[in-house]
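What follows is one structure encoded as structure tokens, with my remarks underneath.
By letter and in written order, the chains are A, B and C; residue numbering begins at 1 in each of them.
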Amino acid sequence: MVHRRSVSALASLVLAGTLAACGSGTSDTSEDATPDGPVDLRMTVWTADEGHLGLFQEIADAYVADHPDEVSSVTFETIPFEDYTTTLTTQLAGGNTPDLAWVFESNAPEFVSSGALAEIGGTLEATDGYEYEDLLGSALDLWSNDDGLYAYPFSNSPFVMFVNTDRIAEAGQTQPSELHAGGEWTYDSARDISAATVEDLGGAGLVVRDFDYTAWSNLASVWGAWGAQPWSADGTTCEFDSPEMVDALSWFHDAVYTQGAIPGPGTAADFFSGDTTMTITQISRASALDGSFEWDIVPLPTGPAGQPGVIGQAGIGVLANGENPGAAANFLAHFTNPENASQLSQYFPPPRTSLLTTESLAEGNPAFDERQLEIVVEAIDGAATKPSHVNYAQVDTATRSALDALWTETGDAAAVATEVCAAIDPLLQD
Amino acid sequence: MTSVPTLPARRRTMRWRDRDALYGYLFSAPAVLGSLAFVIAPLIAVVWYSLHEWNVLANTFTFIGGENYTRMLTDAALHDSLWASLWFSLGVLVLNMTLALALAVLLNQHLPGTTLFRVLFFSPVVVSLVAWTIVWGFLLQADNGVNAFLAALGVTGPNWLRGSVTAMIAVVVVQVFKNVGLNMVLFLAALQGVPEDIGEAARLDGAGAWRRFTSITLPMISPTMLLVGILTLVGSLETFALIDVLTDGGPGTSTTVLVFYLYRQAFEFNQFGYASAIAVLLFVIVLALTLLQWQTRKKWVFHES
Amino acid sequence: MSPDQLTKPPTAQPSPGARRPVGRHSPRPRRGKRPPRAEHLGRAALVFLMVLLAVPFVFPTWWMASSSLKTTSEILRIPPTVWAESPTLAPYRDVFTLQPFAQQYMNSLYIAVAVTIGTIAVAALAGYAFARIRFPGANALFVIVLIGMLVPSEVTIVPLFRMVNTLGLIDTHWPLIVIPVLGAPSVLATFIMRQFFITFPGELEEAGRMDGLTRFGIFARIAFPLARSAVAAVAIFTFLKSWNLYLEPIVYLSSKENFTLPQALTQYVDAYGGPIWNVQLAATTLTVIPVLIVFVIAQRQFIQGLANTGLKG
């Protein structure tokens, strides 16, 4: 009897499996925005930091207490950074759509244009006391299209240059902060200082952090100073073969292979271990500094076209196919209102003009002094975002493959740039 | 189990047989039904997905028939990944089997410290893949780790992870070092099952050590080699995390093996339909190779009876 | 291949106690006419060869363990330091304060034990049936089961996720226990058990039958108890596989209290996703060492177990 019962249980499992498996991809039904009772909301995030999650939960609990009829609970679900997109996509494919999700900036155009996210600009604007006009227009660009705003860029972290002042002093070079004060802080001077320190002390010179000769979009902080961009603003034409980009890539190539200022591919140099002279990275990385050497930050060096600055962003969106997009958008409006944005700003530089001050950033960035925070605030204003595209994942892969030819002793920027365009032009127009 | 003499006994045997068949079904039911639910049904679902254009983000799921399969014919990146898979799997299969057998033979010599070495060679099997790949990432840099060691010997090592051929060699070797311990233990177990008196007899007949190894030991352990070969091949075709961490499929597309390409299509490009078609292709390849190894076993696998 | 193929003489089956001597204390038969001196040299060379070969196997594990005592900047230093300069146990304390690590350890442990026991039950029954019982369609059913050995988990993760979601079992341990026991991961175990039972002496079964035992009685009282060695091999394989499972927990589980170890290891990151190296490596070391110790203790049993299964042919 036991056998028979377990067999029938298994048979129903098979059936359930087949039904679930053969159900179509569109089985999610969007509930209308005003469900009967209070709902449970779920937001996927990639931070596992206790401080972040504690603050999120605090904000959420206050909201639940104020709106018991609308929301009964908010859960913040941490997915490991490395596996974030895989897991989120599996949840979407499996019909287990979260109500809100953090979105990488490189995925932004794809998420915005695909219809995966719900429009939230209307809800934010209509919320009492939200002060929508306080939001920084340049920060919203990436997350908007003609129909409105699809995600709130809660983190706007500028790229700056971290400098190991010990190494520079030891090699008898001029400190970048002095050069910056004198208006002479250029990529060429950064390269020369780096090359000199390497010659004197060994180790590594200038490291574009996380580039590693694969994540090429991190070079945006370099080519911006040459006035170059990888493709046209509308995303349809490759501009890798523009003279500006070819010059920028040539400069980088020579700094690696001729001057030895930048460690070549296959060398894991890490600024935070103390044997690297300077590194371009986001301010959030300051948490990795452990006081084993003296350091400073300066703005990105300028190049032939000045320095527009670059920020890395992350957004929060409401999933259109979630069960409660209405309630989720209302919660997002609360989560990012002026008061809460001010709280969040201790961890994430907010897109609010009124909060981009040294005082509001000081609390969450104790490693920085007043002067350094000013550099941070200035770096956010007017900065560009890293490259992004509707078809980003494919363009990224194709670009990386084609660019690999440049990272050899004899690599020729002009020839490789032509190859990159040949590889990505069809994808850009897709 | 045959020839039972008396008539009543035979009748009893017949009834026992009938009931026996029922036990056969009952005993195998959990495995068979589990397989239907958690292997066959999902596979059918994947075939079904592969006939669709399915973009998870845009939430589109459109029937397009065999289009995903015809697309494979002209997808140059897919063809690259098939070659990469071929080289990777071939490299892993040959190196893993050879090294595992060599280590097993060494450990079977009753040398001092054998127990210790057995643990050392096996230890990477239980080390987390993440830690393993991080360390090898350090060791395979242009001018450190392995190359620093080579430089001490007066050899200039290549920039392992940045050349297409050396990157392939590197991922093969790192994969083999991680898993060879398991195969080594299997081979060691097989070697210990080879009766010593046969080798001793051959030795007295004047057969050399190599001759004894190739004509006695190898045939005796060939069934193990078959199984280990199949498991290693299937395992190599499923390798993903290691490549993801060490080379991310590069440089160029040189280490983008099929599973990695499948993953990329599904989870990076959001093309679940096409990824499902690649999954079907992967399954067919694994099935074909396994059947091939199994079919050719009669030629080289030795049976005692 | 029919179940009768590969049948060996029953006498070839050693009892679990009778093991071949292993290690340096074993009496080694004198061989050949070569002078002992040359042979000693040759053997010393072989030992030296093993020492050399061991380096690439040992160094990464050593690096992992020693780095867990270092500061982050020292971990990233090139070339790597062999000993920690000023070792500290602080990372080990952080392992437990940053996450409910003990709870996660228990999760991994009980899931792995449940999967191991379940797999042994399913695989032993099925392996026995496919090896010893003649019933119509047995070969076809065996082939159906074997297909599971050929399916990479990436291939079926999406349909399986949909199934688990439909059944409402997301963020529970059920999919991590039930699917490995009944699905693809247990197939290798079934195969090993079948290979073992094929070599099982038929006389013992016949004797059990004469004593009036049912099939189940023969299995439970005679066959299974004698399969200890094969069960040991299956247990170790299965436990390791479950212990190291990575993709599935990440996809199925969402709350920290439910996490398993490989997943928990990814959570030792700073506020911006950068790994806290020393804590992560300390946690990794804590997950590796017990398994290694168990292997050291059980290795002889393990290898004997494998030697006695059908795996050797």
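Everything that follows uses one rule, which is that a residue touches a chain if its C-beta (ideal position, glycine included) is under 8 Å from a C-beta of that chain, and two chains touch if they have at least 3 such contacts.
It should be emphasised that the depicted structure is a prediction, and the values quoted were computed from it without experimental measurement.
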Overall pattern in which the protein chains touch one another (line/ring/star/complete/other): complete
Of B-C and A-C, whichever chain pair has more C-beta contact pairs: B-C
Chain A and chain B, separation of their C-alpha mean positions in angstrom: 38
Distance between the centres, which are taken as Cα means, of chain C and chain B, whole angstrom: 15
Inter-centroid spacing, chain C versus chain A (mean Cα positions, whole Å): 39
Residues within chain C bordering two or more other chains: 78, 158-159, 162-163, 182, 266
Where chain A touches two or more other chains at once, by residue number: 10, 13, 17, 21, 86, 90, 93, 268
Numbers and ranges of chain B residues touching at least 2 other chains: 30, 33-34, 36-38, 41-42, 45, 138, 141, 144, 263, 266, 272
Of all residues in chain A, those that touch chain B in their complex: 3, 6-7, 10-11, 13-14, 17-18, 21-22, 24-26, 28, 85-86, 89-90, 92-93, 110-111, 114-116, 213-214, 264-268, 320-321, 393-394, 397, 400-401, 404-405, 407
Sites on chain C touched by chain B in the complex: 5-9, 12, 20, 22-24, 26, 28-29, 31-32, 43, 46-47, 49-50, 53-54, 56-61, 63-64, 78-80, 121-123, 125-126, 128-130, 133-136, 138, 141-142, 144-145, 147-156, 158-160, 162-163, 179, 181-184, 186-188, 190, 202, 205-206, 209, 214-216, 219, 240, 244, 246, 262, 265-266, 281, 284, 287-288, 291-292, 295-296, 299, 302-313
Residue ranges of chain B touching chain C (in the complex, touch as defined): 1, 16-17, 19-25, 27-28, 30-43, 45-46, 49, 103, 106, 109-115, 117-132, 135-136, 138-139, 141, 144-145, 148, 177, 181, 185-186, 188-190, 192-193, 196, 200, 203, 220-224, 227, 231, 234, 237-238, 240-241, 259, 262-263, 266, 272, 279, 282-283, 286-287, 290, 301-305
Residue numbers on chain C that touch chain A, as the complex places them: 71-78, 98, 157-159, 161-167, 170, 182, 250-251, 254-256, 263, 266-274
Interfacial residue positions of chain A with respect to chain C in the complex: 10, 13, 16-17, 19-21, 23, 46-52, 75, 77-83, 86-87, 90-91, 93-96, 268-270, 272-275, 282, 284-285, 287-288, 290, 292, 347
